Amino acid sequence: MVQPIVDVSPPKWHLGHTTWFFEEFVLSKFYKGYKRFHDHYAYVFNSYYESVGKRVVRTDRGNLSRPCVEDIYKYRSYVTNHMNEFLNQTLTKEHTEIIEIGIHHEKQHQELLLTDIKYILGNNPLLPVYDIDAIDALVEPQNQEWIEVPEGIYKIGHSNEGFSYDNEKPQHKVYVEPYSISNKLVTNGEWLEFINDNGYNQVLLWHTEGWDWVQKNNICAPHYWFNENNQWKHYTLNGVQNIDPKAIVTHISYFEAFAFAQWCKKRVPTEFEWEIAAPNFNFGKRWEWTESAYLPYPNYQKPPGAIGEYNGKFMVNQKVLRGYSIATPDHHARLTYRNFFHAPLRWQFTGLRLAQSI
Amino acid sequence: MVQPIVDVSPPKWHLGHTTWFFEEFVLSKFYKGYKRFHDHYAYVFNSYYESVGKRVVRTDRGNLSRPCVEDIYKYRSYVTNHMNEFLNQTLTKEHTEIIEIGIHHEKQHQELLLTDIKYILGNNPLLPVYDIDAIDALVEPQNQEWIEVPEGIYKIGHSNEGFSYDNEKPQHKVYVEPYSISNKLVTNGEWLEFINDNGYNQVLLWHTEGWDWVQKNNICAPHYWFNENNQWKHYTLNGVQNIDPKAIVTHISYFEAFAFAQWCKKRVPTEFEWEIAAPNFNFGKRWEWTESAYLPYPNYQKPPGAIGEYNGKFMVNQKVLRGYSIATPDHHARLTYRNFFHAPLRWQFTGLRLAQSI
Amino acid sequence: MVQPIVDVSPPKWHLGHTTWFFEEFVLSKFYKGYKRFHDHYAYVFNSYYESVGKRVVRTDRGNLSRPCVEDIYKYRSYVTNHMNEFLNQTLTKEHTEIIEIGIHHEKQHQELLLTDIKYILGNNPLLPVYDIDAIDALVEPQNQEWIEVPEGIYKIGHSNEGFSYDNEKPQHKVYVEPYSISNKLVTNGEWLEFINDNGYNQVLLWHTEGWDWVQKNNICAPHYWFNENNQWKHYTLNGVQNIDPKAIVTHISYFEAFAFAQWCKKRVPTEFEWEIAAPNFNFGKRWEWTESAYLPYPNYQKPPGAIGEYNGKFMVNQKVLRGYSIATPDHHARLTYRNFFHAPLRWQFTGLRLAQSI
Amino acid sequence: MVQPIVDVSPPKWHLGHTTWFFEEFVLSKFYKGYKRFHDHYAYVFNSYYESVGKRVVRTDRGNLSRPCVEDIYKYRSYVTNHMNEFLNQTLTKEHTEIIEIGIHHEKQHQELLLTDIKYILGNNPLLPVYDIDAIDALVEPQNQEWIEVPEGIYKIGHSNEGFSYDNEKPQHKVYVEPYSISNKLVTNGEWLEFINDNGYNQVLLWHTEGWDWVQKNNICAPHYWFNENNQWKHYTLNGVQNIDPKAIVTHISYFEAFAFAQWCKKRVPTEFEWEIAAPNFNFGKRWEWTESAYLPYPNYQKPPGAIGEYNGKFMVNQKVLRGYSIATPDHHARLTYRNFFHAPLRWQFTGLRLAQSI
């Protein structure tokens, strides 16, 4: 039920919120005679509209002592049962489209559920193990090679076959200069070199806003890292581990990714460079920061109604991440998928693949 | 497990903290061979010293996902069992004194536990009932009378017979001018007159700091009050109720108590005036704000060691409250008891008894 | 000497800072035997590096009671005289390049000087006239037409003939979809329609961050606007004037530009669309917001040394503005010039030209 | 014109404000036919009421670029001339009383003017000399002695002969326990012992709020002190000087005064103890912190009207200081004078005289 920072939601809220999505956008709209489980749950579990309540000054998700976990499970059963009934009816395209979005929405929250739990436990003074079998430090198996891509006009974005979010569309052409991109992700060992070369203290490597963030928060290593008796360690889902130099670095911000790339005279790839080259390399262990700002594609159309709020309203001051991570559920990954976070955020399984112009 | 504001602790923390008190100050100091239940619990449940941990940047009590409630109950059983064993040994005066403080400390937290729960539920959008039988709105049975007290030198403070906290001692003489003090507490009906006379908008009634607080927080009524369709209501432990004009007003800040007294051309009594006159009136429903700043009595001695931190370090920028409230456990009240809170705080069952100089 | 917000510097600081640029990067580096005017001025007037002083906890530019204006003029004369001497020597390409940057740097500050003065006076309760002849409300002379641009690959950026900043280079190709762009800027009359249609209260028109900004700051009109007796007025450099519906709207944020465009079902152009079409329309009255994030061009090279800090370190979380404004000095404008500010800022003479996809 | 912290006003504002006092409370009320110098100056220079302007979102005193210093001098001449005319008329007791308050009010601001200038210059990176002859570091001439005072009832407060502020009245009786008080103020040498004994790092010496203040602001010495090459120095009105161990310590907060007293097992005297013993010792170099909270005396009467706002509204969360300082104008000192500041403030010439119970 905890919410240590505003970006992290309490686990039980995810459960209620993904359930509410089906109640709000499917059952109460399309299933005749459906009666909501509880009048106030829409208010509690709605993340879309500003919470303006006549009786409550302000509510934080972390302060939701009620409904209790048991009640939320009852809510979930109730909605699941009604969804099962509804699915036995004849469904229109409008129905299946919104249900499909609801499923993908839930997958997004499955990933957030795990990363939020990691954050919550990783900030607990007892640093408890989440799952002894959950290995989140992964060795990078590739040796360094550079995949070259010639200049040209490339098609970017989703072709409209199968499901995608609105922000991946429409497919459009982008002119790209020649570049090469790494076949592997940056490792802890490489990151330790950056730390040991005083990278976190060299102002010229950083954006002004990145430098302010480093100073204000005393950042000196990726999130979850700490130094004990001259040994770097980090909190992982299976507890505290020594840093393995061969493993992929994770829980870094865009600010750090940029500074690291400056330090080694490379750069962070654009999302277009990533999407063009991705079929030639392995990905899927870390969300990979790109240099691209999260902006609408040419001819982007915001869907009508509340669903239209899903993506477009976030298209300012965020950076695009591409690929997917070990926390992403199956079938939720696409070459064209555009994830996005603010530059300082680190609680997702983020990583860095370098690029360079040629 | 929630902590909606910094003054309010999550219920399970109270449970662990009061348990830890006995482990820290009794068992681990005096019970030979005692082994702590868990190495890190002292860190988690210690409210006395700054939490400086080598591995955790910062921890909030509201984010304590671990230890879970079940573990805290185990901790409590463990400590209770060892305390029972220890109590069967021959105890010195030093032992009994610290145990007595531990018991009183726990009673304080019993009260906080209830007021914190009220705050947590009262900020929940569902406004859940805590206990259908918990009546916290109480009718004031007295008609207005004024108890006159002549000028003179009075003895103030605890005589040293029986238990008291250090801040009630030593007993000392105070010269007091003649005054009269109300036999009853201010009621909701009287407070509604203040509201309707625009009391919350008359700057000249308020301290500068009080006025800033009103403006910044849009204060227009006691805490838990809200106006729905021209009917004033409030959240109580047995749910939302209409405001009863005959009931005692509660959940007011010192700032409001002062402004109300200014408005009706009376004043808030000093803690000395309160203590002298208290045997002549009923008290015990509400903590009663006084005009007195929380300061050490002449010849106040801070006890040695960590126990010495108990009271003295708070003796600046707080106001004294006297009496006790419906949430106070039995045998935790004394005529000389000095409670203290910051001027804007309202989540305790606070109230106001007026005085005037004569 | 005032600094009402962190983005605005006191006028005398601009004077000292532009002078310091020549002392720091020209005279003390290249003019043999040059003696600095004052040992501490580099510390006072340096905007490039973090102000870390051993004797001063922190200094704000707005608190610079010393040096006084007279001393800064002496400093300026001293540096000007030495620059004149230096210019009579044989100069290398390295010399002329940095001097040219210094001149352009000073022109930038000339514009800031005027907009900062407007901000300072416009926040003064007396709303004083700056210059009775300074007309900053300008009628838009064009009738609405739409300039169509076909899809294709276009060259963007500076060709390297004549001066430009590093951020305009290198010239490179961009693929652009077909679009049309307005021949005129949005007017006050059009903005009043947006206000009257409740545009500032329609959450769906805004980015989430824009909406938060509107709510937190009670934004309901462009900066400097106020409503008095049902008449919209604004502060201008020649004092308070009624809003002229035919004049160009100014002092709007990117957030407002975006919401306005959403409201009229158009969009904010990208900086590429702007640069391609700009030769076909009049510009130069307002800095025109674009949809583009401020990012490096492909193959962007940061110059070595402190000058390299000039632009690159700001390339995150800012939006590009194109064109120039009535406050821009002569010869400081270029078709390829990239100005940049954070999305909520409004104190520059900003405006909006609409675009649409076709 | 600068205002580095909210407690410090720009010098020119003091000039306008003290002038405005006579215009507002004397001339415009009692001098028939008086025409205000400028309609908006009441708004600009009024410190009594909330600045709520229909055209200005918010104004800070430090941002008052207008009126300029010259205009304020004209304003002052104008008001002085009219006051001179008015003083030639027949004055009632009401007139002379408010004029007397105006004169004392101006003396208060004369002191603030000097301490504010010291603060402004002392925060300037150039650390400029204010006046080469202004010696504010003063050697304490007394050897340590303790003045004993027997218990008893003492008269406290102003007898009503001659001028006093409302907060010094009425005279009343206070019962005081036996105590002794130092004949001298604490010196820099004694304070250095406290620093060297790690006093700023011993949590048990401090109030909780004091400790938070120390931690948050990295307090490690009195204000204006800094350590350069192992030599303690401080900024004074005649520039930077080495710390003289024989001089009186100054620019300390109440929090520090309390911690220092705890450290040497003494205490800060109450304002009553101070007033009783003051005739037996020298005072007038430093405002002396007392343990007393700033509260109304028994039977305190707030004067009617705006003048009533003068003192009473500050009577919460502040500490009383007694005596006067080297910055206090002549004839502005009284044995019964009650100055008051918040516990962390240090920019006045504050000092500490120790007491102890006997």
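Order of writing sets the labels: A, B, C and D. Residues in every chain begin at 1.
Simple rule for what comes next: a residue touches a chain if its C-beta (ideal position, glycine included) is under 8 Å from a C-beta of that chain, and two chains touch if they have at least 3 such contacts.
What you are looking at is a predicted structure, and each value in this text was computed from that prediction instead of being measured.
Asks: State the smallest step count from subunit A to subunit D, taking one step as a move to a touching chain.
Replies: The distance in steps between these two chains is 2.
Asks: Among all chains, whose Cα centre is located farthest from the one for subunit B?
Replies: C
Asks: With chain centres defined as C-alpha means, what is the inter-centre distance between subunit C and subunit D in Å?
Replies: Taking the average C-alpha coordinate of subunit C and of subunit D, the gap between them is 44 Å.
Asks: On a C-alpha centroid basis, what's the spacing between subunit B and subunit C, in Å?
Replies: Inter-chain centre distance comes to 55 Å.
Asks: Calculate how many whole Å lie between the centre of subunit B and the centre of subunit D, each centre taken as the average of the chain's C-alpha atoms.
Replies: 34
Asks: Among all residues of subunit D, which ones touch two or more of the remaining chains?
Replies: none
Asks: Judged by the touch rule stated earlier, which pairs of chains are there in contact?
Replies: Going through each pair of chains, those in contact are A-B, A-C, B-D, C-D.
Asks: Hey, which residues of subunit C end up touching subunit A in the complex?
Replies: Where subunit C meets subunit A, its residues are 49-50, 153, 172-177, 203-204, 206-211, 254-255, 258, 291-293, 295-296, 298-299, 308-309, 313-317, 319, 343, 357.
Asks: If we count contacts the way the header does, which residues on subunit D are in touch with subunit C in the complex?
Replies: The touching residues are 1-4, 40, 43-44, 51, 53-60, 62-67, 120-121, 123-128, 226, 228.
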